[in-house]
Structures are given as structure tokens and as C-alpha cells.
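Below you'll find a set of structures to go through.
In the two complexes below, chain A is the common chain; its partner is chain B in one and chain C in the other.
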Partner chain A sequence: MLSFDLHKRKLLTAFLLLLFAWSLFGVNWQEGVLHSSGLGTAMEIFAAMFQPDLSADIIRLAVHSSWITLAYATAGISLALILALVFGILASGVLAGGKGSRKMMKGFFRGVLGFMRAIHELVWAWLFVASFGLTPYAAVFALAIPYGGILGRIFADMINDVPEEPIQALRAAGASRLQCLFYGYLPSVKASMISYTMYRYECAVRSSAIMSFVGLGGLGYQIQLSLDDLHYDEVWTFMYFLILLIILIDGWSNMLRKRMAL
Partner chain B sequence: MSEQNMIEVNSIEKRYERKIALSSLSFVVKKGELVALIGPSGAGKTTLLNLLASLLEPDSGELKVDGKPLSQYADRRQRARKIGLIRQQFDLVGQLAVIHNVLAGRLAEWSLLKSFASLFIPQEKDKAVDALKRVGLEDKLYERTSNLSGGEQQRVALARLLMQKPEVILADEPVASLDPARSEDILAMLTGLAKQENQTVVASLHSVEYARKYFTRLIALKNGDIFFDLPSHQVTEQQLQELYQLKELN
Partner chain C sequence: MRKRTFNFTTLSVLAFFLLIGASWYQVIGVEKASLASLFSNDNLQYAKKFFSGLFGIGQTEVAFFNKDSWSDAFRLTIETLQMSIMAIGFSTIVMFLTVIPAARNVADGSLTLTRKWYRWIVFGLIRISYIFSRAIPELLWAMIVIFIFKPGILPGAIALALHNFGILGKLCAEVIEDSDPRPVRNLASAGASRPQLLLYGVLPTVLPKFLTYILYRWEVIMRTTIVVGFVGAGGLGQQFKLSMSFFHYTEITLLLICYLILVIIADYISEKSRFFVK
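Showing the complex of A and B:
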């Protein structure tokens, strides 16, 4: 039995390797992949990495764009967190009474969450920009919907993984389902929820930067403008600000986690 | 001691798929009795306690608590006043402070708003402090519960029961993972407090020694059936040997 399993796994590995090799042939290496002046430009960009433009004007612009990127990300993730809490708790099914209604509730709200995250934030951004125009709301909603879907799904799974015994004990002490939520489920998953949300916050900052390519302003937009003007030194200034944002959030998230571990 | 029937078990049966866990069991427990369930692993002790706690439904037969069928305790408040449960230490919410785990014993009586507010400003704090004093843990009020030792956690669970004040306490191996000194400490506390409040206790135990020392009556289960049901002092070594024997003598 074991040797058979091993055999199967080897077959699968071989199959995946073949698939990978085949995918390499799928790429047309001759044309389109490398720039005509390819290597030269790459060297220029690489060299600029060590000489970012630190003039007052660019720094001021970078600070302002970082602020916009961070503001969109923060508003987006906050809204996502609210959506995720509501839909995640509903999708976990712990509020439903009977077995049947629990199954229905789980199925329905997991479907909703699936729909929210099936569509990428950039696509949501296009849709919202197309329908409302270039407003901050477009960026915030475009972030909040897929991130809410992802967070909500993870929250639901976390809640479903809470051990049964303490919850049964609460029920035996006469707690209602909502009381079980506040005294059992949520305290048990709070730390992992915050930690995962902070990680997603980081991702939201990156997404928010990308989002600005759509024309919503922010770091990504500035990077694009500078790239178009071939000002690679400016590009790197903006990149470093982006990295700084991520590091700041990571530090904050570590601080939160330490405080919660007490 | 009053002669009121607290628990009536009338030929209940419980099957898991095709395996019979309990076969047509009957007994009566009077108010204030301290009953220990003993018997080998797989005898059906947990199943019986879970049936009494209505965590499981019997396939047939009747369970009455204080003269009323269990199925009629649909209201969680009524049920919590009647029946309380204590098991091994993973029964507590480890991430909550000790005080909230203790106050959870009051959830049946509290509105949702009050129980929510209590997580930020503990309500009826005096009662919780009192209960913790009685189990000797008043200095751990705001400690995170998972930081406590197994024995301390079991005392927190006892304090929660003190808040809940059920008339019947069901305990499934309440001292399974504790060292001998802690075990005796918890059992002495459990039975002592129950005597003070004239509560009825049904506890499953693996140690016959503790069962005889702290409980007034032993019900021995074997293969889902009652093997003997006697006052503690009447149980003989012979009977115990037969109870835990691996193979039947023929």
C-alpha cells in the first residue's frame, strides 16, 4: 500500500515537472520578451537604485503620494475588516441553530465571500472607475471587496477550527449562541485575526500602490510617470518609500502581536 | 437528606452506528447524593454523562431530572440552573482572563448587552471574587487562563460552577490529567462544596481509591451495562477485580 502511494506521488511529481517544461516552450523567447535596447535599460535602472533622487521636490511628492497610498489602503482594509467580520461570522455558521439552517447559512455566505474574492482588486477598480469615475471611493471599494472576501473566508475557517469543548462548556453553563461568540469563539481567534489582518494590510498597501496605475494617484502613479520620463532615480525614491511603508506596518503588526501574547 | 429523586434514568439505550454504547440502563439518584461512575475504558461513562448533559440524545428510554424529562429543559436558563458540567481542563477559554471564565457561569442569567459589557467592565465582580476565594485563586483574577497550571484551571472551572449554582453537577474525569495531590485537592473541593450547597454530583473517575474516598455511592459500568451499584463502603475487592478484568473467566 505504502509503496503504491509512493509510486503515485512520483508519478505526480514527474507530471508536474513535465507541465513546467512544457510551459517554458509556451513562452515565445524570441520576440517581445526582451526590450530592443533591453540590457542597457536594465543596467540604467539598476544603477539608479543606488542614486535615488533625494531633492526636496521629489521627497515632498513621495511623502504626499505615500500618504495617499496609505490612506487608500487603510480605508480599504478597515472597510474590508468590517465586511469580513460580518460575513465571516455568518459564514462560519456558529450563529445558526439547527444542523440544516447551519449548513444553508454556511453555504450561502461562503458563496458570497467566494464571489467577493474571485475578482481581483484591479478588476474591481476598473469597474468602479468606469461606473463612478476617478473618485477615492472607487479605490477604497475596489480594495475592500476582495480583501473582505479573503479575510472573511479566513475568519470563518478560524472560527470553525476553535475547539468544541470550551464552547460546549459555555452552552452547558447556559450561554446563548451570541454569548458563545463573544465569550468563546472571538476571544479564541482574536490574536490570529489581528495578525492575519495586519499581514493583509501590508498586501493592501502594495495593491493600493498598483491601483494608482489606474489613475487614482499615489505611489504607483508617480512611479509610472517617472518611468515614462525615464527618470529612474525618481522611480527608486518612490520605491524606497513603498518599502518604508511596508516595513512600518510590519513593525506595527509585530508590536501588536507582542502585546497580545502577554 | 431528602428523599427527592434528582436523576431518573429509565432503560436508556445509546448506539453509535452498530456499536451499543449503553444497553437499557436504569438507576435513580437522590438529591444530595455523591455518585462516582467507575469502570474500564469504553464502558460508556462519558456517553452516559453526555446524555445527562443533553449533549447527546438517547436512542430509546427516558431521562428525568428533578421529575421532568430532559427534553423539556429547552430553555437554556432553566437547564443551566438545574445541570452543570465540568470536564478536563480544556473546558475553559484559554485566551480569556480568569475572571471572565468564572463570570461565564452567569451567562444564562445575563442579557447579551450585559455579558458584552462585562468583557470590558466586569459585572458582578464581587461574586466572581468570592467564588475564586473559595477555590483559593483570588490573586489570579486578571491572569490569562491559559497561563494557569492544569490544577488551577480546574479550580477556575469549579469557580464557574459556583457562579452557575446548578442543582446537579456532572463531572467527566474531572481530575484525569492532574497529579495525585492536585486530584485529591480538586475532588475534596468539588464534593465539599457540593455538600455545602446540597448539590447532587455524578462524576466519572478512573481511580477507585478516590471514588471510594470522596463519593457515597459507586455505579460500576462495564460494556454499557451496570455491573454493580452500591454504597461505597460495601464494594469488595473481588468485585473491583472482576470489573477491571481484561478477559472474562469461563
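Showing the complex of A and C:
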């Protein structure tokens, strides 16, 4: 059995390596992969990394756009949380009565969640901007839909993984399905829900930064403007603000997760 | 201790709600975005035009009924697939080169039973590079990389790899930190060299978990390929952007269909092979 396992794993590794080698053929290596002045630009960008533009105007702009980025992310994730709770609970199928309707409900709502998260947030943003125009709602909704899909799927999995015993005890005591949900399922998954949401929150900030690519303000927008002006030093200032924002949220969610695990 | 944990959690929840309130104030109050104006008559017309364009209603040339556009889209799909595999390959290689010194139990010498003064410095440097690469989204990396490389799938793959190597590195370093140190200690005390330790002690125990993470990240990369394409880094995304600029809406539908198929296949493969690895 062990030798078979080893064999299987080796086969898989070899297959993956071959796949990687195949992918390298997709690049036209002969004609050269760098721009004619690519190396010089790379050096300039690298040098600018160590001397970001720290003038007061740029800092003020960076702080303001950091706030915009954070605000869109927070608004988006709060909406996503509501979506995820509604769809997640429906997709877990705990509200359905019979076995048949439960299966149908699960299949349908899991499909909906799958569709929500299959399309990238930037594509959603583009669709919204194309149909609504440039409004902050485009960014908020574009974040809320795919994040709602991801969170909802995880929430549904969490609810399905709840041990059966407490639920059976509740049911035996005569609790309705809704009561089972509020007093059985939700309290037992609350902690893991919060910690997963915090983790996704960090991702949402990152996504919100790139929302600007379709013309919605924020850090990414400033980075794009500075890149277009070839002001690499300003680019790095905004980058450092983004990194700082991510580190702060990461630290917060880490601390929260550690406390909740106790 | 119990009381403290309670306080921090409540404080966090309060702070989070405060943040949500402030954010919605920013969106609604400061930027004067009104929900009602979204559904104005003009917007309704635009949206109607846009969506009927997407579904090719009232158009003579519909891309998703055209054989040539399908074969074009198929080529782009293969390109996108290559880009994603290349990206995960690059980030895996770099991750393997850096992950050992980035584990805390290697840095403090508890895994290999040898203590060197420079270990903590290397550990810190690598961890900083992980944070750095992780914090900057793929699209921003792609914007920078496209300045250096010619457009095509290579810059896209590099941008994706730059972002994902930090994530992979962090996840995999944690796997090493949680792994059983006894086999490695045994090897180390028997006089194995560093590469031997890596090959016979660390890798066999952590490889299945690494593979799971790599496949998980590949699935995510598959989803993001479309995004790095927007800035000219090849694949479906680049064509998507071009079609968007030319207002060829039916082409967008076709590309979105291809993209969805790719994502679903990636989902399926990663789920199945995760089972295979176990």
C-alpha cells in the first residue's frame, strides 16, 4: 500500500512538472521577452523603491485615498456579510423540510453562490460601471457579490459541519427549524464565521484598491496615475500605504483570531 | 485572562461596526451617491442597451454563433491556462527556495539543532519579502511588470507569481512550523547535510500539504488571470479589454463563457486532485 502511494505521488509530481514545462512553450523566447529599455526601467523602479516621494501633498493624498479604499472595502464586506448569511443559510439546507426539498434547495443556492464567486470582482465592477456609470455603489456592489459568494459557501460548509447531537437535542425538545438555526447552528459556528470574515476583509481591502482600475477612486487609481506619469517614487509611496493598511488589518484579524480561539 | 479576551473581542466588534458606519457615511454622505439615481431612466436605458448588446439582440454579427471567434477564443483559453500554470510554477519554485529559512523553528534552530547568528536575519528578510509581495495585488504588480516585459503571457505569469509567492510562502512556512521535528532531528544528529535534511526530513512530511495549497492557489490564479490581462498581460483578459473598448459586446459574452468554463474546470480539478493527494 505504501509503495503504491509513493508511486502515485511520484506520478502526480511528474505530471505536474510536465505541465509546467508545457506552459513554458507558450512564450516566444526567441524574440526576447524584455522591452528594449526594459532593464533600465526596472532599475529605475527598483531604485525608486528606496526613495519614495514623501512630500506633504502626496502624503495627504495617500491618506485620503487609503481611507476611500478602506471605506469601499468595509461597505462592500458588510453587504457581502448580509448576502452570505442569507444565501449561506439557505444553501446549507437546514431550513428545508423533507429530504427532497433539502437537496433541491442545496443544489440551487450552491449554484447561485458558485456563479457569484466565479466572476472576478473587477469584471463585476466593469459590468456595473458600464450599466450604472461611475458611482461608489459600483465598487461596493462589485465587492459584495463575489465576496458574498465566497463567504456564503464557506458559511454553508460550516453549518453543515456542525455536530448533530446538540441539534437533535433541540429538536427533541420541540424546537422549530428556525429555532434550531438560531439556538443550535448559528451559536456553534459564530466564532469561525467571524474569523473567516476577518480574513476575507483583508482580501477585500486589496480588491478595493484595484477597483480604481475601472475609474473608481482609491489607492489603485493614484498608483495608476503616477505610473502613467512615470513618477515611480510616488507609486511606491502609495504602495507603502497599501502595504501598511494590509499589515494593520492582518494584525488586527490575527489578534482577534487568537483571542477567539482561547 | 478570561475577562481580557472578552474585552478585546467586544471592542473589535464595536470598532468594526463603527468602521462600517463611517464607510457607508463616506459612500452616501460625502460622495453623495444616491441609490435612487442608479435606477434613473437614463441608466436604465444604458443598462438595457448594454445587456441586450451582451446577448447579441438585434445585431447582425454575433460572436458566439461564429466559428472563427470560437476558435480564437479557444486559443486564448489555452493561452490563459498556460499563463496560470506558468504563474503557479514560478511561485512554487521561488517558494521552495525560500520556505525553509522562513520557518520559525528553522530560524531558532529547534528543528535542525544548530544555531547560527545569521538565521534570524535571513528569516526576517524573507518574511518581509513575503508580506511585501502579498500586500500588493496582482493587477498592480502587472501594471509595473508590463513596463519591463513585452506584452504577452509572460508578464502576466510573473505578476501573478509575484503576488502568490508571498501567500504560498506564508502558508507553507506555517506547515513546516507545525510539522513533526523528530525525523529531522534524527537525521541532523546522524550528520546529514542541509540539502539532505531538506530532501529526506522535511519534504516527505510536508509535501502533501504543500500540494494542497499549491492547487488551491492555482484555482485562485485561474480566476485572476482575466484581471492581469486587462493591463495587456495576455490571455482572455487582454481580449476582454479590447472587445470592451471596441464595444464588441457579443465577443465579451463569448470570452466570459470561456472564462467561466476554465474556472469551473479548475475548481473541479483542484477538488479532485486534493482527494488524490490524500
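Here is the rule we go by: the second predicted complex is superposed on the first by the 244 of 262 C-alpha atoms of A that agree within 3 Å, B and C clash if a C-alpha of one lies under 4 Å from a C-alpha of the other, contacts with A are read in each partner's own complex, and residues count from 1 in each chain.
As a convention for this text, contacts are C-beta pairs under 8 Å (C-beta built on N, C-alpha and C of every residue); 3 or more make two chains touch, one makes a residue touch a chain.
None of the values given here were measured: they were computed from a predicted structure.
When the shared chain is aligned, chain C comes close enough to touch A:23, but chain B does not. In the superposed pair of complexes, A:96 makes contact with neither chain B nor chain C. In the superposed model, A:248 makes contact with neither chain B nor chain C.
In the superposed model, A:182 makes contact with chain B only, not with chain C.
In the superposed pair of complexes, A:59 makes contact with neither chain B nor chain C. Put simply, more of the residues of chain A are touched by C, taking chain B and chain C as the two choices. Touch criterion met: A:123 reaches chain C, while chain B stays clear of it. Chain A uses residues 262 to touch chain B in one structure and chain C in the other. Of all residues in chain C, only 1, 5, 8-9, 12, 19-20, 22-24, 26-27, 31, 33, 35, 37-38, 43, 46-47, 50-51, 78-79, 81-83, 85-86, 89, 131-132, 134-137, 139-140, 143-144, 147-150, 152-154, 157, 207-208, 211, 223-224, 226-227, 230-231, 240, 244, 256, 259-260, 263-264, 273, 276-277 touch chain A in the complex they form.
Touching chain A in their complex are the following residues of chain B: 53, 55, 76-77, 79-81, 83-85, 87-88, 90-96, 100, 104-105, 107-110, 112, 115-116, 119, 144, 157, 160, 164. Partner chain B is touched in their complex by these residues of chain A: 163, 165-166, 168-176, 178-179, 182-184, 187-188, 190-191, 262.
Those residues of chain A lying in contact with chain C across their complex are 8-9, 12, 19-20, 22-28, 31-35, 38-39, 41-42, 45, 67-68, 70-75, 78, 118-120, 122-123, 126-127, 130-133, 135-137, 140, 206-207, 209-210, 213, 220, 223-224, 227, 235, 239, 242-243, 246-247, 252, 255-256, 259-260, 262.
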